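Next up: some structures, all given as structure tokens.
Look at the two complexes coming up: chain A is in both, with chain B in one and chain C in the other.
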Partner chain A sequence: MTGKKVLVVDDEIHIVHVVAIKLRNNGYEVISAENGAEAFQVACEENPDIIVTDFQMPAMTGLELVAKLRECEQTKDTPVILLTARNFAVSQAEQQRLQIAGCLSKPFSPRELLGNIEDILYRRAVSQENQ
Partner chain B sequence: MFDCIVSCVYDERREVCGVAAVLHDVTREKEISQIKSDFVSHVSHELKTPLASITAYAEMLADGEAGDEKTRQQFYSVIQNQANRLNRLIEDILNISRIESGLIRVEKQPISMTILIEEQLRMIKSYAADKSIEVITQKPIVYDQVYADKDMISQVIVNLLSNAVKYTPSGGAIKIETAVDEIAGIARVSITDTGVGIPPGELEHVFDKFYRVDANKKQAKGTGLGLNLVKQIVERVHDGRVFVTSEPGVGSTFGFELPLATTTTVEAA
Partner chain C sequence: MTCGDVDVAMSQTIGKSFRPSQVRELKRFGSKVNKLGANFAIYQADGELVLLCSGGRFESDTERLRREALSVMQASETVSPGDAPPQDPVGAQSDTVLATVLRPASVINRQTRAVGAALVDLGEVSHSGENRECDQSPCGQQAALQEILDLIAENFHLSFKVEQQIEKISTELAQTYEELVLLHKLSTNMKLTEADSNFLQMACDSLTEIVLVEGIAILLEKTIDAEKKLVLAAGSGLIDIDDHIAVTLNCRLVSEINDGKEALLDSEVDTPFKYEWPGYIKNIIAVPLCGKEKADSHFAHRTQSGDSIIGLMVAINRLDKSDFDSTDVKLFNSVAGGCAVFIENGRLFNDLKELFIGSLKALTSSIDAKDQYTRGHSERVALISRWIAERVAEIDPLEQEQIHKIYLAGLLHDIGKIGIDEAVLRKQGRLTDQEMECIRRHPSIGAGILGAIKQMRDIVPGVLCHHERIDGQGYPSGLAGDQIPLVGKIVGLADSFDAMTSKRTYREAKSVEQAIAEIENGLGTQFDARIGKLFLNSEVYLLWDIIQNGTCEAYGNYDISKYGTAAVGVLIR
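== the complex of A and B ==
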């Protein structure tokens, strides 16, 4: 999955940094945003392969961001992983409705996040090959 | 909202002759339960945020993901700062909780607001100088003694002063004023900054627990508890009053009023 582009969204700059370093060390290209509005704009301009976003952010929550991404032709199918400090913040039904590919609880393991990203992108590549 | 218990009423032949219903108004209990649940949820989120950084950076160090010594030092520094943030949060939460439950030990004594402010200013001046912020004080007022817990009011002054420095851009100014209204029997402290200011719609919430002005989050880090602690100490512990006025882009004035120490209050101690 080397060379794939990941958009990391979090208002906590330390989280963006740590995720970016983990992903870059493993061959990914990383772009970032610190709020939902900026993330939506970056997603439309840069067309990332996958988005990792925090759930609770000022002005626009991660869930609101995903809802907005799903309404946009360019980003409607982009896989999204939600990072949340609130357990059970997003129901299974909500995850299915918004096609959220994965949910990780904070504190999270960068190792586990990388594994999830690789898994989601691999499954996506296989499914696209089969189509 | 009511809890309802319904029971049959039997006569002497053990036949049902009526129904008794007991309604218990649980509206307040439900509200309190919701407030508690929201608080716990909010606290856990606030605690998990620094914890997330600590565990992620520690794992990165353990996995050898920090490529060079400089990066390793940055990671150590993030862990240390986030651990300090966690500690501050826990301290603030505990202090607010102790005040709310009435368990905190309060040691009131007659103290001069001017002297107390001067003591706290010494601590904040180097922080202000680092940002080239001018600190303007007035001439001491002759009598501004309040009957208060010295440590707690020091905490109030430090929180307000450090907020003023935090949210004032370099080259700005902070003005500290003390006034005494002998007729009303109060001493008033105002701290005015030339900072970023607070939008009108958010002003009424700035003393709420965990409330942070969205537009100003980038400006400085904070737990969102400092101003709530100020309010609790001033209003709940000292029967005083906090106030705030602000104009975005111009600055804010935060302050508080405390009852003046009178002969009666001091003798009553």
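== the complex of A and C ==
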């Protein structure tokens, strides 16, 4: 899975750093955005393999960002992992509707996030091979 | 203004010496230099071009720039390796090319090699007046550019430093998150339903996931053949603890703790080993599991807080660092503390259950003892009730919890006899109607006694209904058919079977065959036909064996003496 591109979106810059370090150390290319609008633009330009986004951000929430990504041809299938604060649980139905690949509540284990990303990308690679 | 070659060069060099963010930053400087009519170039340490920003006024000779870059880097290595990077000498350079060395900042070690060089190419200075947009002498322009170049080097150094610090802090934050999640996981899994070994194994596994070590183990004090020993309770990775090492470890840990330390830490990184260890141990950490173990324990060494050491957690050979440190001590102590609390809670709960079932058995057997013919009756009925309940569970959905409750109803079914005159209970020969009336009150009295205890409410129906008959001829309420709760039917049958096979004042004990025949006759009248048949079709002789001997190896791997302890668990929880 090395060389895959991950877009990390969070207005809390320390979260971006924590995630970026863990992923870079494991061979991923990391790009980042600090808000939903920027993230959408970066996602369209850079075409990341997977997006990790915070749920609660000013202006555009993580869910709104995902909804927007799903409407765009280029990003409609890009897997998304949502980082949530405990009070903002996202229902199973909502996750399914927006094809959210995973949800982690803060403070999350960076190791677990890495594991999730590897799982998702692996399953994706296998299913693409099968097609 | 264009920055030719930049993108091509960037894509080739990313990840070698410069990060994309650094190249972007340097590119910004390049465009400023371009405005002054000069070209700007960055070479990395091996002489490869990283970035060339050309103002378009002239073409730079990249071969010449490369030579300049290499020579300025070489000069800086030999001249002043110990100097702080910003003060680096600009280096020898020709009239028209200015150069400076770019150094990363190392937080730990200031003496670092150059990662590259930044160069300003002034081109053909002064020949044509047309490019003299600024009213500067060549000398003045050169000085200004030199200042810019120095600023670039300093900025590069600082940004490197900042990035390194961010990386370090982020790595630490990430580790803190891992530790937080681990401790959270431990505390949410601290349920009494979890077996000790599962919980301890989870603690070891979780710890090895975030602390890179060769092996982790938890040793607990256990009594084996009347001898106290520290035995392996859980472990991850490669760790081999034999009895000898276990004892040594424990002694050393205790002596460290008596010295006021929180853990046993040993390695030969800063100082030689404090203790002697087997060769495969390069560094080691051990922390105690503290609890309130009884004072007679062989291993129980009191710590200063008054607790005793009931076990220990040990890890050997840290893989990503040279040895264990104080951060590890805190994390290991937190995890070991959680494990100790879990074990202690489990022990306390088990003590509570044993005390409770012991009291119940003492109470029921004191009632049985009123009459020499009913000695041990209650415990036998409990056992038979459980046996029947298990046969029912093979066919109908019946939870383990229900089986436990049926066992307890069997044990307590005659508790109401405590309120019956002993003279009536012991009377030999036929009872008068009045005496019969008196005896028939025991189910209601028993239900009344237990009903007052909140936790016993589920046991009441079995006690109240164990003398009801399926044909409605029983007492106290004359319930018929399915008006009688399942537990009442089961305990009633168990009570009858034990009564038949026991000696009475007025008759000898019946044989199992006779009892079976009698139950068969009573199906549909005294006994529920379905449950009666389930019982008769079971291995009644095996049950008989269990009743006679108290144990039976063939009957599952469950220790019958522990039935009660497990059963009362459902009342307390």
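To be clear about the criterion, the second predicted complex is superposed on the first by the 129 of 131 C-alpha atoms of A that agree within 3 Å, B and C clash if a C-alpha of one lies under 4 Å from a C-alpha of the other, contacts with A are read in each partner's own complex, and residues count from 1 in each chain.
Everything below uses one rule, namely that a residue touches a chain if its C-beta (ideal position, glycine included) is under 8 Å from a C-beta of that chain, and two chains touch if they have at least 3 such contacts.
Computed from a predicted model, the values in this text were never measured in an experiment.
Asks: With the two complexes superposed on chain A, say which partner A:P110 touches: chain B (first), chain C (second), both, or neither.
Replies: Both partners.
Asks: Of the two partner chains, chain B (first) and chain C (second), which one does A:A33 touch, if any: first, second, both, or neither?
Replies: So A:A33 meets neither chain B nor chain C here.
Asks: Pick one for A:A59: touches chain B only (first), chain C only (second), both, or neither.
Replies: In the superposition, A:A59 touches chain B alone.
Asks: Between chain B and chain C, whom does A:A85 touch in the aligned arrangement: first, second, both, or neither?
Replies: first
Asks: Please indicate which partner A:A20 is in contact with in the superposed arrangement: first for chain B, second for chain C, both, or neither.
Replies: The second partner, chain C, only.
Asks: Have a look at where A:E12 lands relative to chain B and chain C in the superposition and call it first, second, both or neither.
Replies: A:E12 sits against chain B, while chain C stays out of touch.
Asks: Going by the touch definition up top, name the partner, chain B or chain C, that contacts more of chain A.
Replies: Residues of chain A touched, chain B against chain C: more for B.
Asks: Pick out the shared contact residues on chain A: the ones touching chain B in one complex and chain C in the other.
Replies: In the superposed arrangement, which is not itself an observed complex, chain A uses residues 14, 17-18, 21-22, 107-111 for both chain B and chain C.
Asks: Which positions of chain B touch chain A when the two form their complex?
Replies: 41, 44-45, 48-49, 51-57, 59-60, 63, 65-67, 71, 78, 82, 212, 214, 217
Asks: Along chain C, where are the residues that touch chain A in the complex?
Replies: 166-167, 169-171, 173-174, 177-178, 180-182, 209-210
Asks: Which residues of chain A touch chain C in the complex?
Replies: So the residues of chain A touching chain C come out as 14, 17-18, 20-22, 107-112.
Asks: Under the touch definition given earlier, write down the residues of chain A that touch chain B in their complex.
Replies: 11-12, 14-15, 17-19, 21-22, 25, 56, 58-59, 83, 85-86, 106-111
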